[in-house]
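Listed next: structures, encoded as structure tokens.
What follows is chain A paired twice: with chain B in the first complex and chain C in the second.
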Partner chain A sequence: MKKNLGILGILMVVFLATAYGSKSFFTPYNLFNLVERSSLYGIIGIGVAFVIITSGIDLSIGSLIGLVAVMFPFVVVEHQMSLGAGLMAVFGLSLAVGVTHGLLITKLKLQPFVVTLCGLMIYRGLARWLVSDKTMGYGNESFAGLKVLVGNASQLPGCASLPGAKHVPVVFLILIVLGTVAAIFLNKTIYGRYLLALGRNEQAARFSGINTTKMIILAYVLCSMISGLGGLLFALDYGSIQPDSFGNFYELYAIAAAVLGGCSLRGGEGSIFGIVLGAALMRLLMNSISMLGIDDQLEPTVIGFVILIGVIVDQLVKRIAAHRRAVLQARQAS
Partner chain B sequence: MILQRRSRLSLLLMLLLFAPFSGCAERDTQSGNGGSGGASSGAATPKVAYVTNGIASFWVIAEKGAMDGGKEFNADVNVQMPANGVEDQKRMCQDLLAQGIDGIAISPIDPDNQGDLLSEISQHTKLITQDSDAPDSDRLCYIGVDNYTAGRMCGALVREAMPEGGSVMIFVGRLGQANARLRRQGVIDELLDRDPDPNRYDEPGAGEIKGDKYSVLDTRTDGFDFGKAKANAQDAIAKYDDLGCMVGLFAYNPPLMLDAVREANKIGKIKIVAFDEEAASLQGIVDGEVYGTVVQNPYKYGYESVRILAGLARGDESVIPEGGFIDIPARQIRKDNVDEFWTELKRLTATGTPAPETSADETEAEEANDDKAEPAAESEKTE
Partner chain C sequence: MSDSNTSLLLSVENVTKRFPGVTALNQVSLTLAESEVLALIGENGAGKSTLMKILAGVQLPDEGQVRVAGVSVRLDSVQTAQRNRIALIHQELNLSGNLTVGANIFLGREPIKRGLIDKRKIREDSVALLARVGLNVSPDTIVDSLPIGQQQLVEIARALSVDARILIMDEPTSSLSQHETERLLEVVKDLRSRGVSVIYISHRLGEVAELADRVTVFRDGANAGDLRRDEITHNRMVQLMVGREISQFYARKPHQPGAVALEVKELETPENPGHRLSFSVRAGEIVGVSGLVGAGRTELLHVLFGVDAAVFGTVAVDGQVLRLRSPRDAIQAGIALVPEDRKQQGIILEMAVRTNIGLPGLRQHQKTGGFLNRIQEGADSVAMIARMRIKTPSERQVVQFLSGGNQQKVVLGKWLSMNPKVLLLDEPTRGIDIGAKQEIYALMEELAEQGVAILFVSSEMEEVIGMSDRTLVMHEGRITGELTRDELTEETIMQLATGNVGAHP
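So, the complex of A and B:
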């Protein structure tokens, strides 16, 4: 929690500043939208965090999201298979992608950047080819049941009468469940500690008896599976999927959220709560920019600056902490 | 101590961040007409929004029309151009609704699958569609062109450019959009002498489409990547020795095709037929390098959208025409009328000009539009 104070601070300031500057900001309608968007990006941020923690990277997330989003209606509507078969296809594909990435990186010793960059191109092309660039939609009745996942909590079975449920996006609940499981896995289980350890120093981890190959493959599998889930949720939410562009740059948003949230690209560090805050900050900034009437051409610039400031502050804080620790140790020694 | 320093740093950061944001907020509340965003400022000056389907010079002209409409009809106009497809469009619309906007004119990217968003808009405010229709939604009216007919007009230009017949390549940003698919189908149907049927769709991957005189070799898409658009044109020139004509269906395609043809020294040998009013395309027509172009009237899309939304916001339902369709017909521009058109375009897009009542060449366009299909059928083609 302590290490997320910086980002939490920025988040609060931007939130309060926007609430102060625009009376439309702090309304149930806008906050619902904001929480929903933050949750969607938070989910894929959690996915990529597992990979970043092992000092890897996954650039193929956006394309995988595009492929998953296209494949689901392709299987269910065009090939009239059951919803279950569609879900199996989607998660089977995500699993296969994760295992392939992991094997290429661990067995062939290819660099994660290269492997996933190729993935970025391969999955995008596949998505376009699969449906001949046709726009895929989620308007079909088969998806009506799943649409609940991108609705509000009052649409969940048995929750209709819960007070305030209609102001809570279901994806936010999914994020909470996923985030809690991921945080427990990362911090409280031995495998999570293995991941952190191998991210800091893979060789040392291997020599101390950790099966690093398995753990790295596991990280890529988790990343792809969570991206697959994210892709499905994004697709259900937006309803219209253009195979050539759906999911473009999502990997960068996910990576930026992870970095903002305290993940080091050198590996070995990261907190799930921080990543969720990072994703929320980016969505909040985009929302603030429209609410405050700042030119939306400046949107990427503002976001870029905030990430940069976040990372600079993080770095400064770490340096000061290290310096203080050194002074303290020197004093104790003398 | 560490924590203290940390909070000091956070405070500094907050100040750094706070300064520009609070400045903007103050500035925004002071802004009057033509400002973008902020909370609603009362019924006297309705706040209306014009939402495009992307960022392009075409939309910059429409923005000018919308802004001029704002001055003319005393409305505060907020123009939003989504950079990243349906996702951005949804986010922008929701943010506008949160700001209590009095009306939205939107060019839906995928009308068939954006039903949820469109009904969300129509529940909160006045919804009209422009440029691309969504007849199944609760939109109050549609302002735009019939893209299938416009495509046929483009095909007619190809026939004029290449009366002896020949092979044709089509270039377009993406085929996922209804307007692109309709234009392409219009070109193909015109070249193959088929009866008008906006619901027909020739799969782009199905290979060459052969007619008696004309054959369409292929359709290449570039996903709005200009580098790829030019490479597509270059590859087509390299691949097909006998290529007779290149058709570019999105505004940026023809100038890039022209570049590629110039570099290959095939000006005159390969005809170019354009769509939209990109300056380089118009210059190409003046110089005789481009045969002609089919233009819409984006200025009017913007202007008319604001006129209708401002009227609706003031409770005047009579601004909506019978049938809920305002036809802004497409026009064919060739060497003989390019100067006149371009002068008019420059006048419209110059700062501080009054909005026109009618545009040049509309009579000609109406003649060409005689056999146009029902506009309501338009967006049913998106699959």
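So, the complex of A and C:
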């Protein structure tokens, strides 16, 4: 929690500054959208956190999101599958992708970067080929039942009369549930401990009797499954999917959110709450840039700089902490 | 000591160095004459490394001075130290393994010809330098392809290339085999005869006794005493280091072993195919495994612990033949391994003492649904810290801030909490100080008394002889002999370790 104070601070500052600088920022409509999009990014950030903790990486998230997003209407609308069968297909695909990544990385000892980079290209190509680059829509009636997922909480069964429910995006609730489960898994179960341990030192973890192969495969499966879920939610929210670009760079946003939230790419550390904050900061920045009338084209530049400053500050804080600890220890020793 | 003596090559006079909250060196003095090998010994934390850093120009003393050939010098950088012809050979080698021997010797000082590196000159000069350290390899050899003992010689050649006359060697033999160590000692003796002076830091008192002209002992950051050539004995050195008389350094007592706990039959390791190993260890017995580095001892332990799969043969614990596919299988059968590479395989440096101790038992202690049992983990680790006398401010301390000896106790502690039947130890006292070594010996004794079967790999002959009930000697993947306690001497071990099987019945 203490570790996340810095990013929480930046988040507040940007929030207040934008609220001060733009009239349309602090409106229910904008805030609803902001929270909704932040939640979507948070969800995929949580997914990639599992592999980053094992000192791995998943570059294929964006392409998998694209593939899931076109595949779902493709099988449901064009091939008249039932919604349930469509969902099975989408999550079955995500599961297969995760298992494949995990097996290639653990059994064949390929580097995660390489495996998932290939995934990035393969799934994008498949997405475009599957629907011949046609734009896919989610306007069909078959999806009506799922639309509630990207609506507001008052549309949930039995919640219509709850005060304020219509200002709460359902994906935000999904994020909270997913985040809580993920945080408990990571911090309170032996499996979370295994992931953190093997992320620091896989060999020592294996020598301690941990089945590191199984745990690494599990991390990639979790990442792909959560990406699949994220892809579905993104697609329902956006409604219209361009196979060649939908989800582009999402893996990098997810990784950036994880890094901002305190994950080290060297593995072994990460906090779910931090990642959610990281994702929120990124969405907020995108929103602020358009609200404050900053040139749209500068958006990635601004985000890049903010992340860079964030990690620099983090590094400095760590150094100061390490120095303090050394001094303290020397005192105790003498 | 305060009078400067110009016949001395180096004198350190009343040097004090303080770090925030701790005095690392308190008024220490040391002298080094020309063509002299001075051994500097002391427990970890005695201040040896701090003094070496001062001499190498890495740190400046707060008080006192350093004289080189009678002239007071201020060693404020590595370059200044080099100009004063002082070179430090660090414990962990500082070579770029991907480059050639020649490139390493001249790294940072490459001769230039027409704007390009003069490879021909590097080659020619390297050949001469390598000859001086008795290393017969081509300067174009990639460093990584050399065994560690030869890499050490490359490092010495590099020191000689800057024309060092004061060579500081920090634990140069800690990762060398007996054979490589002997070679290195010869090289040091040869350098001495050519006028190079050496400060030789080592925990291995046997080689100190063989090599040193004089011994200076540090204890708790201060001078504890000096020994002249004729005063250098094992007992005197230990006594000065720990500040008390050691009546019995090794704790092994004679006793009756129990039933066979570990039974290995015709085991073939993937590293040494073609050789089948058979032996057994009884409950309460300590069996040493001696041999040169590369004899296949670590490989044997890795197969017994399920890290590598056996090519052939069986391993049984308490008569039960095991199926070893991973360390987890071995742990479940009651086998524990304290690995040779402590930092890579033994502990997770960035995690807390309690996390490390708790790691192997997480599964066993889990609550329903796979939840961590934090209370148990905390209690177990606190108990283990007390039992092992691990020096740490709390069980939440990150392991990397502990000394080597205490890190090793964490490794032992994590396994003891699993109550193993068979304990495999791979160089358990490497790189740790005498106090911690003794505690580890005492612990081995205690565990053996409780009926644990201990298989104990060590390159330090003294401790193998001191601690084992029986010793297996390995050579190039084979067990060349088995020695009982009465037969154990350095000579009998060496005969078998070098493959001279006929010499012993």
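Just so it is clear, the second predicted complex is superposed on the first by the 334 of 334 C-alpha atoms of A that agree within 3 Å, B and C clash if a C-alpha of one lies under 4 Å from a C-alpha of the other, contacts with A are read in each partner's own complex, and residues count from 1 in each chain.
Please note the rule applied: a contact is a pair of C-beta atoms (placed from the backbone, for glycine too) under 8 Å apart; a residue touches a chain by one contact, two chains touch by 3 or more.
Computed from a predicted model, the values in this text were never measured in an experiment.
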Chain A as common anchor, with chain B and chain C clashing or fitting
fit
Classify the contacts of A:210 with the two partner chains as first (chain B alone), second (chain C alone), both, or neither.
second
Centred on chain A, what angle do chain B and chain C make, from Cα centres, as a multiple of 10°?
130
Tell me the contact category for A:201 with respect to chain B and chain C: first, second, both or neither.
second
Partner chain(s) touched by A:243 [first = chain B, second = chain C, both, neither]:
first
In the overlaid three-chain picture, which partner chain does A:190 touch, first (chain B) or second (chain C), both, or neither?
second
Chosen between chain B and chain C, the partner touching more chain A residues is B
For the overlay built on chain A, what is the smallest gap between any CA atom of chain B and any CA atom of chain C, in Å?
16
Show me the residue ranges of chain A that touch chain B in the complex, using the header's touch definition.
2, 5-6, 9-10, 13-14, 17-18, 20-25, 27, 29-30, 33, 37, 132-139, 234, 238-246, 248-249, 286-288, 290-296, 306, 309, 313, 316-317, 320-321, 324
Give every residue of chain A touching chain C within the complex, in rising order.
188-191, 193-194, 196-197, 200-201, 203-211, 268, 325-334
Considering the complex alone, what residue numbers of chain B touch chain A?
1-3, 5-7, 9-10, 13-14, 16-18, 21-22, 24-26, 28-29, 31, 35-40, 80-81, 84-87, 90-92, 94-100, 109-110, 112-117, 174-177, 203-205, 221, 223-224, 382-383
Across the complex, what residues on chain C touch chain A?
19-23, 305, 307, 326-328, 330-332, 337, 339, 344-351, 355, 359-360, 362-363, 366, 369-372, 393, 401, 414
